[in-house]
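Heads up, there are several structures right after this.
Each of the next two complexes has chain A plus one other chain: chain B in the first, chain C in the second.
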Partner chain A sequence: MIAKKVLLVGNFGVGKTSLIRRFVTNEFSEDYISTIGVRISKKEVQYNEQIVKLLIWDVAGTSGNEKIPKAYFLGANAAMYVFDLSREETYIALEENLKMVKELSGLQNITLIGNKKDLLTSEELIAVKNKITVPIDLITSAKDDENVEDAFTLLTAESLK
Partner chain B sequence: MKNTTVDNNKDNRFELLRELLLAEDREKFNSLSQEIILREKLAKRVSPLVDEKIEDLRENFPVYFGDTITETIKVQIRDSQDEVVEALYPIMGKLVKKAIVSEITKLSDSINKTIKEKFSVQEIIKRFFKGKKNDADVVLQEVFEPIIEEVFIIEKDSGLLSGSYSRGNIADKDMVSGMLTAIKSFAEDAFSKEGQDLEDIKFETFQISLKNFKTIYIAIATSGVLNSGFKDELSDHINNIAEIILRDRSYLAEEEKLNDLIKRHLIQEKSR
Partner chain C sequence: MIPAKIEDVFIQITTDINGVILSIDAGKFAEKEFTLHQSVYRSCPFLEGTLEALPYNEPFLIEAMIIHSNSIEYNVDVEIFKREESISVLIHNRTNVYKYVDQLNQKRNDIFFIKREIAEKNKELDRLRKIADKANEEKSRFLAMISHEIRNPLNVILGYSEMIAEENADVQKYINSLLDAGHNLKVIVEDILDLSRIEAGKLELVSEQISITKIVETCIANFYHQQKTKEVKLEYFISEKVPTFILGDSVRITQVLSNLMSNAIKFTKKGIVKIDVEAVSETAENAVLKFVISDTGRGMTNDQVAKIFEEYQQTEINDNRVFGGAGLGLAIVKRLVHAMNGVILVESKIDKGTRFSIEISFKKVVNHTLPQKQKNVEVNFNSLKGRRILVADDDVLNQTIVAHILNKEKTVTTIVNDGLEALDKISKESFDVILLDINMPNMTGEDLMRQRDLFDKLNIDTPFLALTANTSSKDVQRYLSLGFSGIISKPYTATEFVEKIKKVLP
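And now, the complex of A and B:
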């Protein structure tokens, strides 16, 4: 079986741990327990007739343009950048932050996810989308289990490229 | 000559102007410096007194406050005996165990050293009959036998597990390898000077040694008393394994094959 290392990064509190929890154990909690350092989860997924063992590195959130230790990116096959649709400060510097993640990881493509869709009305969502200049891969809600599986399928596909 | 006079006059005028303009500031300056001088004097007189008081307090702390503190502690212990016992019990157990293991490690090494020094003939014989252990080892190893608990062969960058051996049943090995790599990255990032690797992680009676190679690292968790003989031998075996793997990289892709290799070279070799 092949194994791949994938990474979730982004501002603190955007829902990285929640997305992973929803994906791996199909659970969600309103409590916020901020991740310290790194947490690693595992899930075997099927992709195009093959089984892939995903080792998911849940990296502690950053604030502003705080740097993530480069060592965490070593050997990563794909990375997801998560932002919070309901908090502008988490997507205000997307372009710059994506560039930084690309430089640190050496990856060409970063999967971009906007989370907490359930907190916005459809008008608000359109307004937010208009403010963001980089292409968003998926809009998710860890709470309502919306597009979470798909987000990780995108990530898996990216890791196999 | 003429020039000089003119210049003198100019100088004088400047002098006058400066006096006029700066008179107020100068007053302020003077009073300020008076104040500072005064404070310095005061400080000189006071600080030895303060020092003396502190010194006195340091020396006589038990005299001044000892009774009060002892009384407070006594009352607390009396009122919450169960809590105190409960809090101390596990700590003491661990401390005792840790102390014994560390003392015995020292003892074992020192006995070995003495035996080596005194009976160098024995050393020669030992080299002939390789594998024969000395007296201190025989006795001690029966009591605190060093045991290889876990072996992980891990891809250095990604932290992905290539192969492993486990004596018991541990939590998810893939996740342990990942976390170990994350801890290693973190420690090396935060504390080490350029290019240094984390080599040991120690628990009370359990330790993990990390041996770094170019693209992989090998983590070995052991328990018991590790004397230098055991360590040397282990280190030899690890180098052998690494050499085999790095020469034939197919081992890294085939977990079963690698697990087999670990068993043959590290575990069976050891228990012979």
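And now, the complex of A and C:
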């Protein structure tokens, strides 16, 4: 079994911890508890007949131009940038933020996930998508357990590249 | 010898390249979690995947990691140094520091979300305020419109009353004018009351035995009486399949038909205005009747049709000046039809005509009263001694009153019907005072004042007075800024009228 270190990064309150909880323990809570430093969760997943142990780093959310410590990315195989579809400030500077994460991690691709789909109407979702110029890999809802598994599958695939 | 207090806040271990613990070198922090020859990843999962990637012979610091010991969560900073054969790992317990960072961070984020929530609420409040403002504007527009419409006939009533009080001649004619203005005022007031009653859900329909044929015939007869001077033929057709009696509210059905007939006649100079009634479907208990009120009048554009059932809508801006009313009739018709669970449709083509069709389901079985017919009366118009006074007003009744008052004062009065005619006169003749109604067809009093350059030659010093029922301070301010010397507000008495003119004369 191979182990892969993957990181979830993005603004605070976008639902990184919720996505991980939904994926690892299939739980969800409306309570918001900010993450300090890094929590690590593990989950074994099967990908292309291969068992992969994902070491998921839940990195504390950032605010504005705050930088993620570069040390966290050491040995990272993939990273997921999560933004909140219902908060413009979390996706207004996506291009810039993705560039920053790429530079810090040395990774070529970052999996881009728009979370909290449950808070938007379909019309609002279209409007948000129209505002975002960077290709979004998946739209998820940790609350409704929508596309969470798929998002981590994408991340696993990326970690194996 | 390291003091015990210090030993408790750190632990230093050495692992091999794969993370297997080779030795515990110093410190006692969470020592139970570290066992010789076991993997360090069990207690420090953050080292898995990280150790392999570590650069050799370089100190490396990872802050704010978490490890668990005795079911307690600790925040630690980790210093790592990788050599060829082994890795040195120094773990500092920084829980006390991170505890405060954690609290501050949580508070910062909570404040952010509260601010965000407040901003959302403010947006919602702003949206609601705009709705309230719009409703308030509508109310003001309604009040302005209605007060203007009420003041006009009121002015006529008061003017003729004064005239009747002064002389006996022409009494019959003046009384007819009074009746006309009174009737117009009554229609407006009733329309307002009907609309507010319907809007408040207080309209009560009666269910009595009625004859549609009789209603239609009476309606046609009433309008025929009014229409005898016009080249409009009034026709009706009632299908034999229409039940002789049905249960319904004759007053409201008459109101609907009369309103539509009245409109059709207003906007048809020549041709036919017709009411057709047929039974669309019938069961033992119900009959669905279709009423079609068609005309060969000026018709409407699609945009006009789209707005025709809105309040105060008259298809041309001058319609209410020319034809009277507050533009509430069709809004009321639509609401009445809906109250009778019916549907109303309108089709129209410019210069071809308009067709309103209404379908209502009635219960079959059985008396009613018919509305009063309206009289249409022609009023003649006639007029400070030797003063040359120009009066522009499109309302014949108002012209008559003004002429009567001015005649008594022995002025040389010229009366014109609208702003364009006034402009023509002002460009050719000089006057001592010019009285302009504000709401006139072709050119309003305001538009005329904006073209003062065109007539400054002959009337450069002539005072202009606005004759208007629009008397809000905003309106008055606007008239004064346009160059009016003052306003004569409707309704006025003869004395007030004369005084206002005398006041502006040099």
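A few notes on this one:
Note that in this section the second predicted complex is superposed on the first by the 161 of 161 C-alpha atoms of A that agree within 3 Å, B and C clash if a C-alpha of one lies under 4 Å from a C-alpha of the other, contacts with A are read in each partner's own complex, and residues count from 1 in each chain.
We take it that contacts are C-beta pairs under 8 Å (C-beta built on N, C-alpha and C of every residue); 3 or more make two chains touch, one makes a residue touch a chain.
Treat the numbers as computed from the prediction; the structure is a model and nothing was measured.
Overlay on chain A: chain B and chain C clash in the combined arrangement. In the superposed three-chain model, the partner touching more residues of chain A is C, compared with the other of chain B and chain C. Within the superposed three-chain model, A:Arg87 lies in touch with chain C and out of touch with chain B [touch as defined at top]. Look at A:Phe12: by the touch rule set out above, it reaches chain C but stays clear of chain B. By the touch criterion defined above, A:Arg22 lies against neither chain B nor chain C after alignment on the C-alpha atoms of chain A. Once chain A of one complex is fitted onto chain A of the other, the partner contacts of A:Ala60 are limited to chain C, with no touch recorded for chain B. Within the superposed three-chain model, A:Gly75 lies in touch with chain B and with chain C [touch as defined at top]. Contacts of A:Ile40 after superposition on the shared chain: both chain B and chain C are touched.
Note: residues 3-5, 37-38, 40, 42, 55, 57, 69, 71-72, 74-77 of chain A belong to the chain B contact set and to the chain C contact set alike, using the contact criterion stated above. Listed in rising order, the residues of chain B touching chain A in the complex are 155-161, 172, 174-175, 178-179, 182, 185-186, 188-189.
Those residues of chain C whose C-beta lies close enough to touch chain A in the complex are 45-46, 48-54, 60-66, 75, 98, 101-102, 105-106, 108-110, 112-113, 116.
Residues of chain A touching chain C in their complex: 3-5, 12-13, 32-34, 36-40, 42, 55, 57, 60-61, 63, 69, 71-72, 74-77, 87.
Residues 3-5, 37-38, 40-42, 53, 55, 57, 69-72, 74-77 of chain A are the ones that touch chain B when the two sit in their complex.
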